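The two complexes that follow have chain A in common; it is paired with chain B in the first and with chain C in the second.
Then we have the complex of A and B:
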């Protein structure tokens, strides 16, 4: 049996060892980190699926664990993303300023993850959340921008503070810090307060509208191997809180009878839809590949929120499956971009092109990941979106329906851009010597490729496990057999789709082989506008790709950023006002306050 | 052995040190150590000075001292910190040893005395010492402002004491507490309590009586920063706690005003720190917010965790001011932009500073987190959700400006700066950071002590 407590202690110890090893040799320390994460993953996978983890606590004071399908599902996905990403460490860490601490903080945050999903106590949950926040916060400034850490930390801490206030309200009502007893004891106004606070926390962590602006800043500027962790793993903490709020608390707000949905849930669904729409629009506009993927994460966070707002088994199945599918897809996409960034030193699409010639495997990994993100078969993203669409349509949620379809179509537009600009497009002279990523980095790339396809073709096993979670949450699971999924509007056979797809690809491949070989043309062997092109950069078409569309919302696109900048400015001005009022160099100001307070107090009492 | 030695010996040494300047620094070391050791041998209880044992019965005469667990913890912290801070500044601020002895005598007296007028005397003694210490900033106008505001504060306190004396005919705190409880007429005591609260508030850095802080701590050095923000702030918080939990009766409008002032102090302190770019200002505004939190906890009867918060703050602020003030001295500016990359070549100092700051922010694995969570739990237990929300919202602002500061200090700007910390500094930083780390991960000793802090009346009733 694998003990949760021992795994956490193991990670802390491994962190210290990794620190020492990295100090002497970056490569060695990173390899050790891979094995440490692998050990945790294997223990978790080996015992967790059957709910056989040992949850007794002997050493850690004041901490208690319990095993739930919900917690395990999140834990295993996140640990898996950590494992995949750790393969990248040996090749990236040496560039970082404080590389020694990188592996230490990485492993410490993973310890926090394990604790957060296994605890049954609110204070423990808060402890592990805060631990994750501050350990990861120190990883972010190792990347491009130092200020990104502040923005990430600010929003995350605002989220956990909202959660903590909710926790204390729960404690005040129920007298217990137990998650499940506490939430069950909530009712009436208190339940609504806690619901709102938890939803704020969920939005902040998930990076959903209107608490999303940290997402592109942090994802875009984080160290390359850390962006996949942020997007694939850490934002999922928000989804976890969202599940607690939307399903466990589910306050008795009024009911929309037409949709048979409580108002609270409906509002969240609408906000989730706005995340989908805004995330999609912003991603279309973005030039930096990592920021583009960050906005895509925002939009996918919206899908997850929509799914959990619709209180039925199919929607939940879609939501949980989407968490997995998006984790795999975004990890795959971010890691592909990271590999390109390592080779070229940039993530700006207008500076890149023609990478397919040099990095074909990375290209393929990216391609498969974005197909999954866009929700096209035969990838995992299709299955989850199919389930979510079913649930939305079945409830008759028109606005939400428009948003989820818009997001799906929109994602074609934006995920295609990095593909076109960065991998396809014209090969630029400065990248003539670029090579494919080293073997160690290709291992996770292949694994993720395989899983993106697997989740799209054989979702049966995973959906059966998800049914356990849904039953645990008090709802009925969906009907699923090895090859078929029963939706409300029909039956889906993903394996069949996969087979047809494979046959189609096979035929295309045959045609490609059999037919006459096309003549290979040199890049510069062309002319345009009656001129010979003398420089590859002129052929580059990544800039202003969707200019006409972008012009529609050009002026509105920075409203939220402006709002938060203005908010910070207002707080600063308030501080200045405070200094003016209370910190005056004039002694008489102090005397004024003293006299004012005394008069106020004594008015009507003694005076 | 008698608790009065804790006051008399430093005072005597202060006089002797004036005669012989050479032995003064060593005298301070010996006296500091003596006090710390003496505290191990003293027994809890009342000490009557001058044989006036009958004072308790006759309600009138004599000065007595009260040593209980609360005072003992405070005394250890204060004497220990003064000793450490002086050792670190041994070379540069030798001339201040007599003043530090005086400060030691005054602060020990404040924490021990059970007589209100006697308390005022010690308030003045420690006050004078504080004004003299801040003269090391070489900003005489700020010091003068401190002196004037401090004088206003202590006169208000004295005025309050006079009114109380006129009403109850005693200066003995314990007798007065009994008398006030017996009379039960709280409307009458609003005036004296308000005056005394304001008087203490000036020294305890509570908004809006704390305008002196900016001038004094904003120009502080490695002696004055830790002394004022660490030692004096801790001592005054302890004293304020003693008064709030035992003597003051906050009810009705007085309770509202005090709560609003303290809540405002928390928010305003953090907001002001957020709007500051100077490192020393960030630290001083943050300590204003912390002082208000401590007072708020005392008002709500959360004693033991307030005490731990005081101790953790005193230790943390000592480290933070030492790090920043040393750097400011070497670099010549305390703008956070100018100190960019301070820790690049001082990784150990950077690590300890970061840990200490994380503790102040209340993040896990550090003592600050345990303390924060426990006092918030107690506040939740008595239904003070609004106060919790205020403290937590302020903590978000606090988190942002501290993270901004830490990131700046770790990552260099265009020019590299070089600041050298000697080994004694580093040793102190490491010990304090380790202590915060140990109590942050192993908090059982903190929760165990929970029951041993009693109010003054409990101490008296239990003999």
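Then we have the complex of A and C:
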């Protein structure tokens, strides 16, 4: 039996040891971190699937745990992403200014993750959330910019505060901090209030429209090994709160009869759709590979929200499967980009080109990850998108349909951009000496490649586990056998698709191999319409890849940035007013205001 | 299972022969339209076999790997395609989304290979192809959403049977606006003018194809023919009631492809941003209108 409490204490202890070890030797400390995370992952995987974790609490005061399929599903995915990323630490940490604390904070945030998904108490949940935010907040600025951390922290805190107010309302109504009893006791107007507050928290954490502005800033500037954690793991906290709000609270608002859906859920679905469209358009436009993937996370967050707002088993299965598929795909893609960034020192696509010739395995990892991200079979992303499409079509949600189809096709565009500009194209002269990533970094790469394919070919087992979560949430699960998935309007056999794809490729390979062998020529030896081009950079098409398309929405693309800049400006002005009123040089004015405010606050209580 | 796979391979091969022949006949028809004789109907076969027999160049492993992935993906997609309502390789598994998304593997392979050649024309062509795809796919999928919502099934065979059942019309008649959108989207999928922007031989030197020759080009030709077969068959099954026997299928197929080709031969070419603007204006509005009146009001002829 593995005890949740002991695992958390173990992580805290391991964090301290990692701190000391890293201080003496970065490599050693990072290896220790890998083993610590691996231990937690193995304990979770060994006991958690059968719901055999020990949830008794003996040492930690005021904390209580319980075991749910929902919490475990999130926990295992996130711990897995942490494990994969920890393999990158030995090669990146030495560059960072505060490398000693990196492993400590990393392990502490993992402790927060475990606590947050296993607790049954709202105050504990809030505490563990804050633990995650505060630890990760110090990890992000070790990358490129300190402002990224401010932006991340600001939005996370806004979300947390919204959640805290929701928790207090729940406590006021139900008289308990227990998550499940508390949410069950809500009704009427209170339920709507708490629903809205929790949705705000979910949007802030998930980085969904209109609270998405921090996502590209934080992802793009975070340390390279931390971006996969942010995108693959931490934004999923938002999905967790979203599930609590959309399914557990589900306030009794009016019903859209055409779609048989409550208005609250429909509004969230529409906002999720806007997230999809907005994220896709911005990702197409983006030049920094990491920011591009950050916008893609925003768009995938939209899919998750859409899935959970359609209240039936198929949609939930799609949403939960999408969380897994996107975590694997985005971790894979971000880690491939991180490997490139380590070798070249940049993530700007216009500065890169032809990396495939030096880093073929990293290229394959990226390729498989984006195939999954774009929802193309035979990868995991296809299964989840297929399930979500089923639900959307079945409900006849036309406008949400436009968004999910647009996002799905649009994702081909943006994921192809790094492929073409960064990995393919001309081999630029300045990167001729680059080497493939070291073996230790290739281990997680291979594991992620394998899992991306596995989730796309044999989803049966995972979907059966997801059925447990759906039943736990009070809905009926989907019909799934070893190879087949039964949707509302069709059957899918992913293994068959995988097999047929292999057959097709086999035939194509046969045709290719029996024909005459080709002569190898240099990349520069291309058709140039009789111009003599001597420089690789001139033959590399990477800048403004989708220029004609970008021009169509160029003017609209910075609306949200402008809005937040204006908002920041107004807040600053308000601060100036406050400073002018209360903080004047004349000391007596300040004292007067302090006294006045104290009297105002105490009015009716003491006075 | 082995038998089913063999039937699937047979369907893919049949699709290749059918589309290549019909494309050859269409070259003759377009020739007559332009007051010339046009090539023989089997000219396309000659072209492909000549290319396959030639020795060619390669730009590295991704250049070849992409071509194999492209042809493999398209053959795999074609293997799922039903020809008539009882002739298909894998019963119950002819799900509509397989065709839309498995075909994308082939497209991705081709795009990858083209970009891997290191020629900027190729990358520009790929960029245009993907942008065109973003344009036509959304209106088309909205119409299909309507169809699947009405029939309650996304299996192509079931959609065919629904249209053939007494009392129901072909979806081209039942959903006239949607049918029109479907046809315009088909023109985009086939890369017919005015949506031919991504090939544009006179402008970007055939775009993605610029660097190819020999067997790679021959394989991409085969891929192109099979994907045209998939796209036209999709239209036949979704909007024209499918087919009860193979001759019906052949007639419908021929009519649809020839019509698309005739329209193509009297049109100019859009610029790429015009393609996007066009599709997100009328076809999308029409598709949404059709979806709203069919799903929410239930007005289906």
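Heads up, the rule we're going with is that the second predicted complex is superposed on the first by the 576 of 607 C-alpha atoms of A that agree within 3 Å, B and C clash if a C-alpha of one lies under 4 Å from a C-alpha of the other, contacts with A are read in each partner's own complex, and residues count from 1 in each chain.
The rule is short, and it goes like this: a contact is a pair of C-beta atoms (placed from the backbone, for glycine too) under 8 Å apart; a residue touches a chain by one contact, two chains touch by 3 or more.
Given the structure is predicted, the values throughout are model-derived calculations rather than measurements.
*Asks:* On the A-aligned overlay, A:62 touches which partner chain: chain B = first, chain C = second, or both, or neither?
*Replies:* first
*Asks:* When the two structures are overlaid on chain A, which partner does A:398 contact: first (chain B), second (chain C), both, or neither?
*Replies:* second
*Asks:* Name the contact category of A:597: first (chain B only), second (chain C only), both, or neither.
*Replies:* After superposition on chain A, A:597 lies in contact with chain B alone.
*Asks:* Looking at A:373, would you say it contacts chain B, chain C, both, or neither? Reply first, second, both or neither.
*Replies:* neither
*Asks:* Looking at A:293 after the superposition, I want to know if it touches chain B, chain C, both of them or none. Which is it: first, second, both, neither?
*Replies:* Neither chain B nor chain C is touched by A:293.
*Asks:* Identify the partner contact of A:249: answer first if only chain B is touched, second if only chain C is, both if each is, neither if none is.
*Replies:* neither
*Asks:* Please name the chain, chain B or chain C, that touches the greater number of residues in chain A.
*Replies:* Touching more of chain A: C.
*Asks:* Looking at the overlay, what does A:239 touch: chain B (first), chain C (second), both, or neither?
*Replies:* neither
*Asks:* Mind listing the chain A positions that touch chain B in their complex?
*Replies:* 61-62, 97-98, 123, 126-128, 130-131, 133-134, 137, 141, 146-147, 149-150, 153-154, 157-158, 161, 164-165, 168-169, 171-172, 571-576, 578-579, 581-585, 587, 589-591, 593-594, 597-598, 600-602, 605-606
*Asks:* Using the touch rule from the top, collect the residues of chain A that touch chain C in their complex.
*Replies:* 258, 354, 356-357, 360, 367, 371, 374-377, 382, 385-386, 389-390, 392-394, 396, 398-399, 401-402, 405-406, 409-410, 412-413, 416, 419-420, 424-427, 487-493, 496-497, 500-501, 503-509, 511-512, 515-521, 523-529, 539-541, 545-546, 548-549, 551-552
*Asks:* Report the residues of chain C in contact with chain A in the complex, numbered from low to high.
*Replies:* 5, 8-9, 12, 52-62, 64, 67-77, 79-80, 90, 92-93, 95-98, 101-102, 104-105, 107-108, 111-112, 115-121, 123-124, 126-128, 130-131, 133-134, 137-138, 141-142, 145, 148-149, 151-155, 205, 210-211, 214-216, 218-219, 222, 271-273, 276-277, 284, 288, 291-292, 295-296
*Asks:* Across the complex, what residues on chain B touch chain A?
*Replies:* Of all residues in chain B, those touching chain A are 145, 148-149, 152, 156, 187, 190-191, 194-195, 198, 207-215, 253-254, 257, 261, 268, 271-276, 358, 363-365, 369, 373, 376-377, 379-381, 383, 385, 388-389, 392-393, 395-397, 399-400, 403-404, 407-408, 410-411, 442-444.
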